[in-house]
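In the two assemblies presented below, subunit A is common to both, partnered first by subunit B and then by subunit C.
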Partner chain A sequence: MQQTTALTAGKEDYPPGDFVIWIVIYAELLAFGIFFLSYAFARSQNVELFNASQLELNRTAGAINTLVLITSSYFVVRSIAAIRENLQKQAARWMWAAIGLGSIFIVIKLFEFYTKYDEGITLSSNTFYMFYLSMTFFHFMHVILGLVILTIMATKIRHGDYTAQEHDGMETGANYWHMVDLVWIILFPLVYVIR
Partner chain B sequence: MNQPHNESSVSHRGSMTLRPCTLVWLALVGLTLAMLVVGKMGLSGGNVVALLLVATLIKTQLVADIFMGLRQSRLLWRMIVTVYLVGVIGLIGLAWWLGNV
Partner chain C sequence: MQYQSQMAAKPYFIAAILLFVGQIVFGLIMGLQYVIGDFLFPEIPFNVARMVHTNLLIVWLLFGFMGATYYLVPEEAETELHSTKLAYILFWIFLGAGVVTVLGYLLVPYATLARITGNEILPTMGREFLEQPTIIKIGLVLVILGFLYNTTITILKGRKTVVSWVLLLGLWGLAIFFLFAFYNPHNLVLDKYYWWWVVHLWVEGVWELIMGAILAFVLIKLTGVDREVVEKWLYVIIAMTLLTGIIGTGHHYYWIGTPEYWQWWGSIFSALEPIPFFMMVIFAFNMANKRRRQHPNKAAMLWAIGTPVMAFLGAGVWGFLHTLAPVNFYTHGSQITAAHGHMAFYGAYVMIVLAIISYAMPMLRGRAAANSDKSQVIEMWSFWLMTVSMVFITLFLTGAGILQIWLQRIGENPQSFMVVQEKISLFYWMREVAGVIFLIGLVLYVISFFIGGEERTAPAKA
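Presenting the complex of A and B:
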């Protein structure tokens, strides 16, 4: 969407990126919010089971993945900052670094999933694991989609498709990635830490 | 034509000043490490959970405002996310309280 003049006090009419992505982002946040609240209120009915099962999770892996996603998001911000200065090579480097970190998230999460699978844990093991596996897998799929989007963006930067004057597509993809990060920032303490 | 986007619309090349997005990243890393420590120590209780939830609210609002650029948008767009975050995180706190009283 073309951005227009600010109405008030230097504020923009619309957030950065295509307007449609914000509809997607708000819808995704709503879906994850329902997941989070379902988990939280299910836990309130069975605190001992949730606390005992939570102890079996790898908190360090969860925290490392949080740091990885936060840093990946930061790299995407830096990539956009570089494109605003028409520094295409620098922008591409930041974007590929963000993709690298996103890939590390995937590897760590697959390790966590494999560990649980190896322990014989499935969706039907108990209510905690039903939520843990479904929420983290749902998020995992969003990370994969996000990585596809970032890779397309990195390729387009290399081809010179984004400039300081026109990089709306980059803002759009970046905000999807930040949404994926934002959701994990809630998921990590909710599932791994709060007891 | 793209709108200006937060701090990154200003060139910081050659400046020793940290970009706002870098400060936000450092804050996010610090709060995440603090959460890991709390998790590793197995700390619990109302005060600990309240602190964790406030930290989560701060982290998510920083991502929305600075990384997603909502700070530069009209209040409506920012408030949708803020109301969502306060609502979801607040209800998580309520659910914890219901399960632990």
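Presenting the complex of A and C:
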């Protein structure tokens, strides 16, 4: 992922970031979208079970994580705003703050997974839990990948690899992180809240 | 051809094509046995013909991949192959083992073959596609290890490109997943579970990386498009392939004794498996549109563009057709599977090997860049004959499959397997005719390489 050469270089800055990341984002959204549709279909077959199991989830943890992830996304936005002003130090600080929040998400999610594991919940417990565990774990893996990308970006900022003129790589990574955020914004209400 | 050691690819390509012809001949034999049950019985029973047909396919594709690697790696790494001698030695060992195996299938009963090759010491035989005697499997591992050693060292000492890394990743994956062929637990569920790690994770995982790398190489050479653009596409295609393909293995785990969640996982992830193939289509057409040179080898370009299209149709669309658990409940193991298998293997793997042979062989045979126009016209005819007849084979088998499922599994009075086979025999006859046309196309492909005429030399600028 060292490639920062942009297909869009020299053109208007829309869409921001590398064109290929948008293909990745559409593919990812399609994948999650199919998961969400399957969830809706499975739920319609067994509403009572889904409602009952849903109540067993830790909604507070889910809500905190939503705030944590949205804030983290905001920090990435601030980081890019800083790099546009050539303020490398600030940009790095915002980026590390975003990484910190992303890590908090991971900790809270691990705590949730552990509680469910402790209760003896597995993929085979029931269809609701199959979806809950699959979708949140799938998303969890995306958060981890996102954190890796953010960390690479943070170190590159420190090395002065991004400037106000050339920070296409940062836009690209930021797009991915916003996608991870966006998916959670749908996933959380769908699985934890909507009845 | 820039490096002398690329010549090592030549015997691999020739062997691949010869074994391909053998595969098609056995395909025609068993196609006829579908409708004339005792054709060639007892000399070549159906199960033996099928084994030879499928095993030859895998072996010749491996020859093709190896040849492609020997051709591609020196050029990508910008250095001679680590050991040309090793490449030739391994070629003869591999070919010898392949021929001995096929003769074993044909000349002695399978149980006898198992006994005389000492299968009871480490039982691995008797499973579809992995029928080879254990000792041959061990030999195959050694050949592949030698091959990987040779190519990995070459890449490490030379220029490192994304194309060669992706190819290497695919080839190492191929070797690692083959090791599951040696794991043969008594529990049938576990056996099937890991058996798919070879079969599925090959064709819907690591082989796709090999295909992507070869396609990228051929397109870079034919179109002159910037490497950076090609590499970016490769990254995305690999990511999507692995993301969808690995968990997509679940579409083989329905109702075989595995946990129920595989029905969801398998359905959801494998429904996404067409995406990387679709990306390859866009990629190939994009490269063709952006081409900076008019390469004289038009036939190779045709194969390179045809590959992703047919792969998307065969693997993507025909795969999706029966990948969802509720659909597969009815279609499992019917002629729908055969239809998908034929077009997917042809589109994804047969065509990519033919594409690189088409691109490389003229140069391996001492020509500047391409065969003569006369030869290319014949080769393009062979492309269309094979491709169109494969489309028809697929359509006829799909028709047979739909009817079979209806008569045997869904209709009001479900009928027995053999009764239904009798009723759908018309489709099998039509499939056989399409198969003969396919063979004609293949023969033309071979002939095209022997047609002389004035050859075009340097690539003309567009």
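Keep in mind that, in the parts below, the second predicted complex is superposed on the first by the 181 of 195 C-alpha atoms of A that agree within 3 Å, B and C clash if a C-alpha of one lies under 4 Å from a C-alpha of the other, contacts with A are read in each partner's own complex, and residues count from 1 in each chain.
Throughout what follows, a contact is a pair of C-beta atoms (placed from the backbone, for glycine too) under 8 Å apart; a residue touches a chain by one contact, two chains touch by 3 or more.
Everything numeric here is computed off the predicted structure, so don't read it as measured data.
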Combined model on subunit A where subunit B meets subunit C, clash or fit = fit
Comparing subunit C with subunit B, which touches more residues belonging to subunit A?
-> B
Once both structures are overlaid, the C-alpha centre of subunit A sees subunit B and subunit C separated by an angle, to the nearest 10 degrees, of 120
Taking the superposition as given, does A:S134 touch the first partner, subunit B, the second, subunit C, both, or neither?
-> second
A:T155 contacts which: subunit B (first), subunit C (second), both, neither?
-> neither
Could you look at A:I23 and tell me whether it touches subunit B, subunit C, both or neither (first, second, both, neither)?
-> second
Check the residue A:Q45 against both partner chains and state whether it touches subunit B (first), subunit C (second), both, or neither.
-> first
Name the contact category of A:F188: first (subunit B only), second (subunit C only), both, or neither.
-> first
Touch check for A:I80: first (subunit B), second (subunit C), both, or neither?
-> first
Smallest inter-chain Cα gap (subunit B/subunit C, superposed on A) in whole Å equals 15
Jot down the residues of subunit A that show up as touching in both complexes, subunit B in one and subunit C in the other.
-> 3, 7, 30
Subunit B residues within the subunit A interface of the complex | 1-5, 7-9, 11, 13, 19, 21-22, 24-25, 28-29, 32-33, 35-36, 38-40, 42, 44, 49, 52-53, 55-56, 59-60, 63-64, 66-70, 72-75, 77, 80-81, 84, 87-89, 91-92, 95-96, 98-100
Okay, in this complex, where on subunit C does subunit A touch?
-> 228-229, 231-233, 235-236, 239-240, 243-244, 259-261, 264-265, 267-269, 271-272, 275, 279
Residue ranges of subunit A in contact with subunit B within the complex = 2-3, 7-8, 10-16, 22, 26, 29-30, 33, 36-37, 40-41, 43-45, 47, 55, 59-60, 62-63, 66-67, 70-71, 73-74, 76-78, 80-81, 84-85, 165-168, 171, 175, 178-179, 181-182, 185-186, 188-190, 192-195
Spell out the part of subunit A that touches subunit C in their complex, as residue ranges.
-> 1, 3, 5, 7, 18, 20, 23-24, 27, 30-31, 34-35, 38, 42, 123-124, 127, 130-131, 134
